[in-house]
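Take a look at the structure below.
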Amino acid sequence: MSPARSCTPPAAPSARCGRPAIAATMGPVLDEENEAAQARDKVLAQERDLRERVRAFLAEHPPAQTPREDFLAARFDAGLGYVHYPVGHGGLGLPRNAQPALEDELAKAGAPDIDVRLNVIGLGMAAPTIIACASEEQKARWLRSLWTGAEIWCQLFSEPGAGSDLASLATRAVRDGDDWVVTGQKVWTSLAHHARRGLLLARTDPDVPKHAGLTYFALDLHAPGVEVRPLRQLTGEAEFNEVFLSQVRVPDADRIGAVGDGWKVANATLMNERVAIGSSRAVAREEGAAGFAAAAWRQHPERRTQDLHQRLLKLWAQAEVSRLAAERLRQQLAAGQPGPEGSASKLIFALLNQELSGWEVDFAGTDGLRYDDWAMRRDASSDYARGPVFRYLRSRGNSIEGGTSEILRNIIAERVLRLPAEPRADKDIPWKDLPR
Amino acid sequence: MSPARSCTPPAAPSARCGRPAIAATMGPVLDEENEAAQARDKVLAQERDLRERVRAFLAEHPPAQTPREDFLAARFDAGLGYVHYPVGHGGLGLPRNAQPALEDELAKAGAPDIDVRLNVIGLGMAAPTIIACASEEQKARWLRSLWTGAEIWCQLFSEPGAGSDLASLATRAVRDGDDWVVTGQKVWTSLAHHARRGLLLARTDPDVPKHAGLTYFALDLHAPGVEVRPLRQLTGEAEFNEVFLSQVRVPDADRIGAVGDGWKVANATLMNERVAIGSSRAVAREEGAAGFAAAAWRQHPERRTQDLHQRLLKLWAQAEVSRLAAERLRQQLAAGQPGPEGSASKLIFALLNQELSGWEVDFAGTDGLRYDDWAMRRDASSDYARGPVFRYLRSRGNSIEGGTSEILRNIIAERVLRLPAEPRADKDIPWKDLPR
Amino acid sequence: MSNAVSASKVPPAPDLLYSDTELALAGALDDLLSQRCGPAAVLARTEQPEAYDVALWKALATEIGLAGLLIPEELGGAGASGRELASAAERLGAHLAPVPYLGSAAVATATALAAAKSATRPGGGHSAGQQAAGIAADLLRRLADGTVTAAVAVTASAMPADKFPAAVQLSGPQPGDAAAGIVRLRGRIDSVPDALPADVLLVPAEGVPNGLYLVEATGPGVHRVPVTSLDMTRQLCDVSLDGGPARQIAVGASAAAALEAGLVTGAVVLAAEQLGLAQRCLDMTVAYGKERHQFARQVGSFQAVKHRLADLWATITQARAASRYAAACLASGDPDIAVAVALAKSACSDAAVTAAQECVQLHGGIGFTWEHPAHLYLKRAKASSVTFDTPGAHRAALAGLVNLPAPA
Amino acid sequence: MSNAVSASKVPPAPDLLYSDTELALAGALDDLLSQRCGPAAVLARTEQPEAYDVALWKALATEIGLAGLLIPEELGGAGASGRELASAAERLGAHLAPVPYLGSAAVATATALAAAKSATRPGGGHSAGQQAAGIAADLLRRLADGTVTAAVAVTASAMPADKFPAAVQLSGPQPGDAAAGIVRLRGRIDSVPDALPADVLLVPAEGVPNGLYLVEATGPGVHRVPVTSLDMTRQLCDVSLDGGPARQIAVGASAAAALEAGLVTGAVVLAAEQLGLAQRCLDMTVAYGKERHQFARQVGSFQAVKHRLADLWATITQARAASRYAAACLASGDPDIAVAVALAKSACSDAAVTAAQECVQLHGGIGFTWEHPAHLYLKRAKASSVTFDTPGAHRAALAGLVNLPAPA
């Protein structure tokens, strides 16, 4: 019944909370402490080994004397890229939490690092998908240039007609000899204008139900027939792109997973998107949207009213509580107990960004009616410091991008609360016969 | 597009608002004025006739010398009950708006009046249904004692398993000679403990889809097998009843409408419920729930806080706006342009009652934690002056009774906004095969 | 049924319905605006140097007579009332017409009307007052025939109850000014709505006493700098006055009353505009809900979407009553106008912002793009909710008006 | 991935998870409460003269050790912390257990602990202080072994930051009082939670200096009148003192600090209780949504219902983090406790009221009846949101705590 019980319960009632229980539970508590001590020792030994390996590598490739690209390539080849990558593909097959020791040694030596922001989709979504679902040959071909940043990746999933209902997508891939010929339109593609490769989901069989007819590819964005156009959003800037595909030839060698298994592979990609969101770093009080609002309040005593004060106190409290909830989620993940609370975080994050920036515009009064610039920009990458109006407008997207809040509520209701699904008519009908 | 256009548009663009339009529209405006004048004359003549008729009746039945019941019966027989009732059945077939002149004459003479509250379902729902759907013989049998208040009516529709989904009701009526034998359980029945007759909806054919298998009856609540039990609600009182029907014999002569037409007749009843809600009287500022809150605020300066002030201002404004919206609805009805806005009124009414009484409890502080009496009462008929806690609790029912707010939103979405219905699986299946 | 009992206690409410005249006016406006002010045209204009559609405004002003709605027939106007003014605003809001109706036909016209009236009323009739009245009357005539567009030079967030603005002062006179009946003004007013396309500015200036002055917008010493505005379809500008000539149209209490009349009328008209905008956002979203399919269903068949749109519709029915009440109070000079403005501006602002936000959200990705008009509605809605001050400020005004005093 | 960069700037948050100990305690409580405190039993008790389940409380106090959770082992308690205190409260809230845990194991115990500590700390150790400490320590021993139940005699809506209550004063002493170490109290405190089943009352009394006194609840001159309470499962009573004997357990600043410690602990525990209640209301509603059919579907399959329950779940995840943070701050003596209390009490109150209201609404008609337990949750939730003051009052406290000052 209670969520407390949904976490792994201990084997027996526990100590310290009432005398009768103490005798019964002292044993298991001691056992747990022993196990924990052993695990700690193992981790420390692993870390020692790793640090030694890094120091040896650094001795061979002194950062000061090695060009950045060469250094990164060598690092990858030495298994010192991301240590949780497989051996032979940039890693050592170690757990993720071994990485900080590696980074620490490199930082002390002043070594160059990869630019995560520049290839966030490649590192966050493409690499895990490739590691999980691609062949050894494909891993060898793609992972190194992906990790070093020589090749940026993007994601070609959404289409104008397939947003929330991604599985209904219409981009067609038709087999032709050793190639597939792909035609269609993708949308909301971050980084497409920088990317060399894209994770492409396309329909290879329109005669089966929608989830069954999809296949997953790695698309070369420099191939003939690929056109990338900026997609301007209501802030004026163009963070995203539309990608038009006209008779693009994709070698079958670039297919990831079996023909018809595209939905399964795509889910591996999307799951990594969620993990990436969930495992983000600790955040300080007032670090997010509430900080802008609080700073404005402190800076402008002359604008204060009781209405705005009450609204601010409420929003500040909600924001601080949501920060604590995110921290709690982080602790759950760190403890190996990932909970479903991440979906709540995204819902509330969107809502708070919208409410707080709306408050900011109201608080700014006449200043809130002014914007900096409507001119179209590329690579603005959402500079939230642009002011309250920008934040107000940009935050409208927070409840749409990466899964709308409506879809998120469906997911919470069905996967967390286990409420029954709505009656559905689209699961067993051939894709080509669906109403649209 | 605009709701303004959904009201009957005039034949041509109109005058006064820009010179070019004036010439084009003067004609129709004058025509309308002529028609309006003629209609006004007709109404005045009708009213003169009516007043004369009442005076003649009063001369024959001097109120001071006539016992109340005799007076009311005579009034009914003279067609001076409700003038919009049919001739021969308590009325004169006049429009509803002729009634005030009649009431005016009677009031001047100090004549007794019927007690509307005591038979609100009889007058508001049973009578219109009988007039619309019953036989002449039935009208003659039922309307007189209904109108005079000699027989109170109640409504036997809802069941424990059929609330929002009324058409799925399970009370069975089986034909046996000239009677029907009825077994089942009804719930949320106001006035059943006072009533002589009930509007009964029962299932006569379980083998057809749910809407098709219903038949409508007038049930004698004194018949053997009828048991009325109080239904206690969360306030402690019992405004409503449960009615248990065990092998109750209902003469076929008491069936209203054809066998299987029950749903159609029930809709006539429910439509009258909505008209009754819609056509209620004008309300003054602060007359409703906002008045309690505002009075408390004025009376207790020592309890005031900024939080409570901001909340009160917001709620007061919403309440006053909703009063204006109700007034606008009244004006639409009076102008013969009933709009769908009544559904909004009920939604907002429930919400405001709940929010305002919740505010009242908060404002009352420690006093808001105290109640007057949890003892079960009958005929409490929701005395909202019982205090904030009573109002808070009772108002929870406002979004459930008379159609839940959820069902109301469905109705607004489908009938007002014409949004598509959800896929439904329950319309064409025999009632007996429905999942439940 | 118990009407007779209590109805007598309840003061009669004004007519809250749309008259046939108003419906006809609305119909004519919809026809014209559908042709000349479609979403694509409105969007395209936001990227042109001239943010206002002056040609459209001329057509509305002269062909439909929008500019002179409030102006008495004897001054060449339509002699209509706040009711018609408000219903026309609904249509302009629904189409996001980039025209200076709010600033000129509502705020400036109501200000000039009050100035003309106060200057000529018994007791106010000294010679300077008569001269001022003449200037105001002349302005009203030119407003009515559409040859001139005016704006009151107050910052966008001004509220009727605010104290008289102190942004502009009288500066030293130049030789001959007194004879010419002019004074000089100096100062700066930021973020003025509808001043960009105005030919004439009405400028409140602080002094002893305060005064209201007419300034030719293109005259010497007047600088208008366009502002990159949140509301792309009502571009603000910063106005600075650098000793340019000005003629007084009202002074002292009359000036304050005229300015207040303008802002009250502006708030009522803006509320109506927001109502029209809210309804249009709902209509667009409902239409999209019927058209767009996901999961092999119209998205408008999903119950959560239906319920949100039903709630939005209910919110709009409420806002409509508030807007109609304010328009009726304005039309009849009802003393409850201050309460009516507070209710209408707060209810319609909230309805419009909610409707526009829901419109963006329920359109999904496309609603977040530049190419879809939803953002233009969002920007107008949010900016308008701050213009003539926020819903919170308007509700705060109720504290004094209806005896709900703030905590001590 | 940029952890290394900024993590160092962020102060480490305390552990917000449930420890194994807490989970085990919760499990044991759930087992016991499921057996002895089902909805039917709770409802039935509301119509009996004795509103509290004293037998259940004895079982919880002695078998599970709930009464002595906070009390150090050397005084016979479990030596646990605010964390365990809070997780136990969640379970009691989920079951609406009619026991004086909040008043006795949280508020009174924390008050007595603070009194005992302050009386014995260096500098506070005069002989009267030692005597007071002895009384407090003795009380703690009797609380720990479950032989005594206590309540602090403050009105339900008291807040930690309130000034010292003035409802009770010292009255004239009787012969022999000084020798016996007693004083006399006179006054009246309305609406005291959990005082009805208490054996001992801790009474703050105004004086020079203020003091905190121990009064035998069944002693002479103490009158407790049950109140017909909104919360039927936590019946309030009005306490009046009519010159009955009392012994001081803290004085002056120590008395104020002890009372504040009690109310802070009470607010944290009540917030946790509300969290447990909110989760239970959600669980009940979800279960009903799977069971109840209308329109030939489970009502929980309707998207509008699903979305509301998803939102409620999200709200509860937030409230849980706030409650856990407050419990952690309480346990560790974190100076952020005041902020944590404000966040937890406001978030959990709002979550509980919303959850209980949704529970009634989404049960439809049956949720509005006396026979269904939903109303018991509603009444507890609403009453608790006012107890130790409202969410609004707690958020107002943030203004000073986190530098968001009120308008001048």
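Lettered A, B, C and D in written order, each chain numbered from 1.
Following the convention adopted for this analysis, a residue touches a chain if its C-beta (ideal position, glycine included) is under 8 Å from a C-beta of that chain, and two chains touch if they have at least 3 such contacts.
In this text the structure is predicted, and so the values were computed from the model without any measurement.
Colleague: If I rank A-C and B-C by number of C-beta contact pairs, which comes first?
Modeller: B-C
Colleague: Using each chain's Cα centroid, which is most distant from the centroid of subunit A?
Modeller: B
Colleague: Could you grab the centroid distance between subunit B and subunit D? Build each centroid from C-alpha atoms only and quote it in angstrom.
Modeller: A distance of 45 Å separates the two centres.
Colleague: With centres defined as the mean C-alpha position, give me the subunit B-subunit C separation in Å.
Modeller: Roughly 41 Å separates the two chain centres.
Colleague: If you average the CA atoms of subunit A and of subunit B, how far apart do the two points sit, in angstrom?
Modeller: Inter-chain centre distance comes to 55 Å.
Colleague: Which residues belonging to subunit C are in contact with no fewer than two other chains?
Modeller: Those would be 297, 302-307, 392, 395-396, 406.
Colleague: Can you list the subunit B residues in contact with two or more other chains?
Modeller: 305-307, 309-310, 406, 409, 422-423, 425
Colleague: Any idea which subunit B residues touch subunit D in the complex?
Modeller: 158, 160, 162-165, 168, 187-188, 231-234, 236, 305-308, 311, 354, 358, 361-362, 365-374, 376, 389, 392-393, 396-397, 399-401, 404-406, 409, 424-426, 429, 434-436
Colleague: Touching residues of subunit D toward subunit B in the complex: what are they?
Modeller: Of all residues in subunit D, those touching subunit B are 46-47, 155-157, 190-191, 227-232, 236, 293-297, 302, 304-305, 353, 357, 360-361, 364-371, 374-375, 378-379, 382-383, 385-387, 390, 392-393, 395-396, 406.
Colleague: Over in the complex, which subunit A residues touch subunit D? Could you list them?
Modeller: Listed in rising order, the residues are 1-5, 7, 9-10, 12-21, 25, 29, 32, 100, 103-104, 107, 116, 123, 281-284, 287, 294, 297-298, 301, 304-306, 309-310, 312-314, 316-318, 320-322, 324-325, 327-328, 331-332, 335, 337, 341, 343-345, 347-348, 406, 408-410, 412-414, 416-423.
Colleague: In the complex formed with subunit B, which residues of subunit C make contact?
Modeller: So the residues of subunit C in touch with subunit B come to 1-4, 6-7, 9-13, 15-18, 20-28, 30, 63-66, 68-69, 78-80, 84, 87-88, 90-91, 94, 276, 279-280, 282-283, 286, 289-290, 297-298, 300-303, 305-307, 309-311, 313-314, 316-322, 324-325, 339, 342-343, 346-347, 392, 395-396, 398-399, 402-408.
Colleague: Show me the residue ranges of subunit D that touch subunit C in the complex, using the header's touch definition.
Modeller: 302-307
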